[in-house]
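Two complexes, one shared chain (chain A), two partners (chain B, chain C).
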Partner chain A sequence: MTDVTSGPEVAPPARSVRQLGYQWTAGPAMPLLSLAVALLIGAVFIAASGRDPLRAYVALVSGAVGGATVQLAAYNTSETIVGAVPLVFTAISVAVAFRTGLFNIGAEGQLLVGALSAGAVGAAFGGLPGPVLMPLTLGAAALAGAAYGAIPGALKAWRGAHEVITTIMLNYVAIFLMHWLLQNGPMTAPSAAGTPASAKIGDGAILPVLLPSDLVPLSRLHAGTLIAIAALVGFWALMWRTSLGYELRSVGFSPRAAAQAGIDPKLRTVLVMAIAGGVAGIGGAVQIQGVLYRVFDGFSPGYGFDAIAVALLGKSSPVGIALAALLFGAFGHGGALMQSEAQVSAHIVSVIEALVLFLVAAELVARIVAGRRKARA
Partner chain B sequence: MEIGLILGAGQLAATLRLAAPLTFAALGGVISERSGVVNIALEGIMLMGAFFAVWGTAVTGNAWAGLLIGIAAGVVLTAVHAYAAIHLRSDQIVSGMALNILALGLTSFLNFQLYGFTGTPADLAGLPDVDLGPVRGIPYVGGVIDDQSVLVWLAVALVVGVHLVLFRTVAGMRLRAVGEHPRAADTLGIDVFKMRYAAVLASGVLAAIGGAYLSLEVSHSFTNNITSGRGFIGLAAMIFGNWTPVGAFIAALLFGFGDALTFSLQGTGVPVQLLGTLPYLLTILAVGGLLARTRPPAADGVPYETEGR
Partner chain C sequence: MKRSIVLMVIGAILAAACGGAGGLGGGTAVSVGLVTDVGGLDDKSFNTLANKGLEDAKKDLGVSGKVIESKEQANYVPNLTQFAQQTTGLTIAVGFLMTNSTWKVAKQFPNAKFAIVDGAPANDQEKTENLPNVANLFFSEQEAGYLVGVIAGEMLKGKVGKAGSGNTACAMGGIPIPPVDKFIAGYQDALEKYGAKVLVGYSQSFTDQQKGKEIGLQHISQGCTVLFQVAGGSGLGYIQAAKEKNVYAIGVDADQAYVAPETVLTSALKRVDRAVYQTIKAVKENTFKSGDNFFNAANDGVGFGVLHKDVPAGAKSATETALADIKSGKIKPRTEVKK
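Right, the complex of A and B next:
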């Protein structure tokens, strides 16, 4: 938070943030090692609470991808993917900012405004046919998310306000906005018993389930999964196959050098935050249109926060993000079975996720090892 | 809308009650960031304080012992952040976010493992309220400040204390020097690392007390995510108060007032949830320089490395 009022010049991002993009050049050993250490520490916690860690982890894995029958295994795996889909969008949101040297902690808020926009448009124009309503809802979510992301981008570019602070604050603004809209605001559905929610979106806005129910009963694997894959490809193409992506990455490497080369870092800052917000916004829409069909108050368990871990674990690359999101999806779905089978709170999964994030991103393992080597030399 | 509803003694008493946890967190933030270490783990530290204070109180039967256990747990989490930020020079934002997620997961996990679905014990001992005796008789004032938790008064005392230490003592000057220009401070023989460790750990003590206050004194129990963003509002109060203890306290009072208002306006048709956005919107305006100029310490968030290492 060094450059809150550093004036018109966009201050260079913290050295460490830029380095995060490189830290995986050493290969996948460190994320895997960090995951192993995190699971080990998690096992200690489970054992300390008087439960069997091995039994818990077996239940976790079988809950995520396994099952007594092929159908059940297919169902569990598809649920793991369903859980990974929103994380893919929010993690791309975080990663695209990372690559430009910005720290977008605001994916949660951007996802929420996207979901709310999709929910509002999808319900208000529910009678429209799918080919019209589908792009309308997704587009509304993308626009809302982009606008919500552009705010911290503009504040950073022209007012020097640190994006970490503004995005954290905007998350909470979005959360309270959601409470108002769904509890006693214009979007509140009269029938909302229990959890406050908006009205159901029109059929035309619903992303269809991909697997036929006689093949995999109850599967919720929806067409939003394909949008997530498209977003990953789009992220790769934007960053590594377009001149804009080149410019963004050069701003991430060195804003000063980029400015020397005639790239205006300010406009790029606003643009990249708008892109980041737009992707997260689509993620919110996909969760509503593919899984929930209406916006429930507090529907997000923190997709935007887990996204930071997913993006860092996946070294802000498309393939890495896909793998890390699947891992977190597996944790999320498998954790439920672990709780019922092994009486181990599913919250241990958050502990393990946080440990992975801490070990990986704080480069704890790497730095301790490096420190040892240095001391010995 | 009645003016009594907004400025009545009950409303102001509630303001004090709700501002106290924000004040603890904000003061912690001020101390840590004045030394040059960003601590956005305040939220997680508060959660640790909140859970372990309840657990400690339930185990020992004494709320003071519980408070100490809560502080100890918060300090353990803070020490991890300090080690990562100062020693390993990790990214302080990432470390803080990771610890927030860790604390939320860990306290929720322990809450389930230890108390299951029944929740924390109902007959939890509390800390004493401060009976001001004759002051109670003073109209209005008595209604505001009498019978407040001892921790509310501790928060007020700490505002004065931290202000005096930061701006009127040599140690405070050194701490600020470390946060403004660590190289210069180092040249003058100040141990930058020791100073920063002390400051970050102190911020952990304060945030943990703020969390313990929420569980022991406000809700008399622990529920998952009991802090629900108050650590971040504390951070906002710190920024809004321009990294000064008194400014942070005034901001905490302002945010606490808004919070109290959401309670008293419930059911009046006013969209109270929108009031909840105020601390965050004001902070965004503040860091954007659109409201008042704020200036963080120059070396805030920048890891220090001694030369020739």
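Right, the complex of A and C next:
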């Protein structure tokens, strides 16, 4: 495997913010350093709250991938992967836009409309057999997500509205759409006593569990994991093995140069945001069809927001995203054991995640500042 | 390529360092695990109260206890599984959001004991399916509703303070489900004995404060001077309306006097802490009972909260008489809301 992250292989001298952003997307040293520093600062917080940081981190790791028995270790590892799956989709959504020079902060909203579409179709046509219903639900989610992503893309391309603002605002539209649909709206299931939720999806829409239950009891490692892997491969193939990917990366690298070369940045902007939205939408569908089987109001703890950290930590590369998503999945699942074994609030992992994002972003800012100084000199 | 090797090596080192360190301590002492719902430990409601019950049990009964806060819906099954594998005593699921998750995990671990606060195990068809290792902790909400209804009735009858000259009391539920309606039914029952009119509304939400406030303002405009909320977060808006219009409100589940000390007359208490405590005690004393366990006035499972300073001594003694009558079975508050 060649190093898939370094794009047009030779990085030119630093001139613009975009170029700097581009250069920054190479090399694993900084993310690892950021992670180490974040864990160190996290340890200080844990110690300050009167707990033992070492014991907490041992519990965190053993809760994520370890266990007293092989079976328990397999269970914990499978749960870490289950937690990583939605983040893979949303992080690809962020990364594909980032590679094109766009900040997609709207993965959360795109994930929600995808989940709602899959939930609606999966319940309304619940009687259909799997081979029909499965592509129908996933397709509906991809289309809804793509349409929802294309809106800020079009606003950017033809009206110049900044995608950061529009995607953030569209997140709220999606969140309140979900509240309305599920709390007392057309999707609210009558049987969901006190729990705002939609009706259960049909059996044909359920992504099967991959590990047999007598081998790993209660495992939820579902077939959506395979879809996530396919999405990562698809992301890589699209960006680095197709001419469209080359064009998209060219727009990200320098929109003016791309325009000179005859690439219409407007259409590419809409297209890439539609792709980003579609992938996030599938992520929402996979979480419903693989784990929850119905759409619960507020089911997402912020997969689309954590995705920004995952994409940045993974340097917007397929391998990096996979590893960063697994790390966040491990934080999520291992955090529970950390709380029960070391009495450290599970929220401390949110602090560590935020610190990782902060440090990765700080590095980007530092490089931009350094680049400006250099340009002036 | 390089990066993945680096990460793999680091991962391998960490795994080696921590492999088998999942030290899931055995021993004979009773250990208890508590899994909160997404509300978290500081919800000032069921989770907070359940944790208080666990803390009380740790102090009085010498059991050990651990807590996991669920960060998202998808965490319920793994968090319950974690405790099912390591606790010797009991795993407690807080809230009816976990009825299906508990069913799944309890079936898988038939030797572990479970308790669901305010719920019964529900199978994948959403049908209640009692299991021999799960205790369903239910409450006789109608008794608490009846008690606060007596207080409201006394205030109206005596035309005390903010009750003014009105003869109408109101109640707002979140969604008309049994645990909500039982509160309201008891309240209605008591107030009818005082000849008061009772208006009932639903906000159709346990979170929408604005909707709760709208219904509150509407109820007040219809002459209500006592407002009883049974709608969680949405009910806070209902109390807010009472505060703005200077009438009384009654809180629910936990003691809600802190929400608006001048406005809250009392609260209809659901003593989740007592239910949790008594269930842990039962496990310790080998008297654990699976299936429905009811917590009511007789076993201190429901009651009324701190009384507002406006409540006269006569009203207080009337409420205490009603409490004694409920305990003795002389009064059996009804459980269905009269529409």
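Here is the rule we use: the second predicted complex is superposed on the first by the 336 of 377 C-alpha atoms of A that agree within 3 Å, B and C clash if a C-alpha of one lies under 4 Å from a C-alpha of the other, contacts with A are read in each partner's own complex, and residues count from 1 in each chain.
Everything below uses one rule, namely that contacts are C-beta pairs under 8 Å (C-beta built on N, C-alpha and C of every residue); 3 or more make two chains touch, one makes a residue touch a chain.
The model shown is predicted, which means the values in this text are computed figures rather than measured ones.
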Which of chain B and chain C A:40 touches, first, second, both or neither: neither
Which of chain B and chain C A:32 touches, first, second, both or neither: second
Partner chain in contact with A:65 - chain B first, chain C second, else both or neither: second
Touched partner set for A:292, first chain B, second chain C, both or neither: second
Touched partner set for A:257, first chain B, second chain C, both or neither: neither
First, second, both or neither for A:345, with chain B first and chain C second: both
Contacts of A:267 with chain B and chain C, given as first, second, both or neither: neither
A:184 touches, of chain B and chain C: first, second, both or neither? both
Residues on chain A lying within both footprints (that of chain B and that of chain C): 1, 183-184, 345, 347
Footprint of chain C on chain A - complex, ascending: 1, 3, 27-28, 32, 58-59, 61-63, 65-68, 72-73, 75-76, 79, 82-83, 183-184, 191, 193-196, 200, 217-218, 220, 287, 291-292, 296, 298-301, 319-320, 323, 332-333, 335-337, 339-341, 343, 345-347
Footprint of chain A on chain B - complex, ascending: 33, 38, 40, 80, 84, 88-91, 93-95, 97-102, 104-106, 108-114, 224, 229, 232, 235-236, 239, 271, 273-274, 276-277, 279-281, 283-284, 287-290, 293-296, 298-303
Contact set on chain C toward chain A in their complex: 1-4, 6-7, 10, 14-15, 17-24, 33, 38, 66-69, 71-75, 77-79, 81-83, 85-86, 96-97, 104-105, 108, 126, 174-175, 177, 179-180, 204-208
Residue ranges of chain A in contact with chain B within the complex: 1-2, 4-5, 14, 16-17, 20, 45, 49-51, 103, 105, 155, 159-162, 164-166, 168-170, 172-173, 175-177, 179-180, 183-185, 302, 305-306, 308-309, 312, 344-345, 347-355, 357-358, 361-364, 367-368, 371
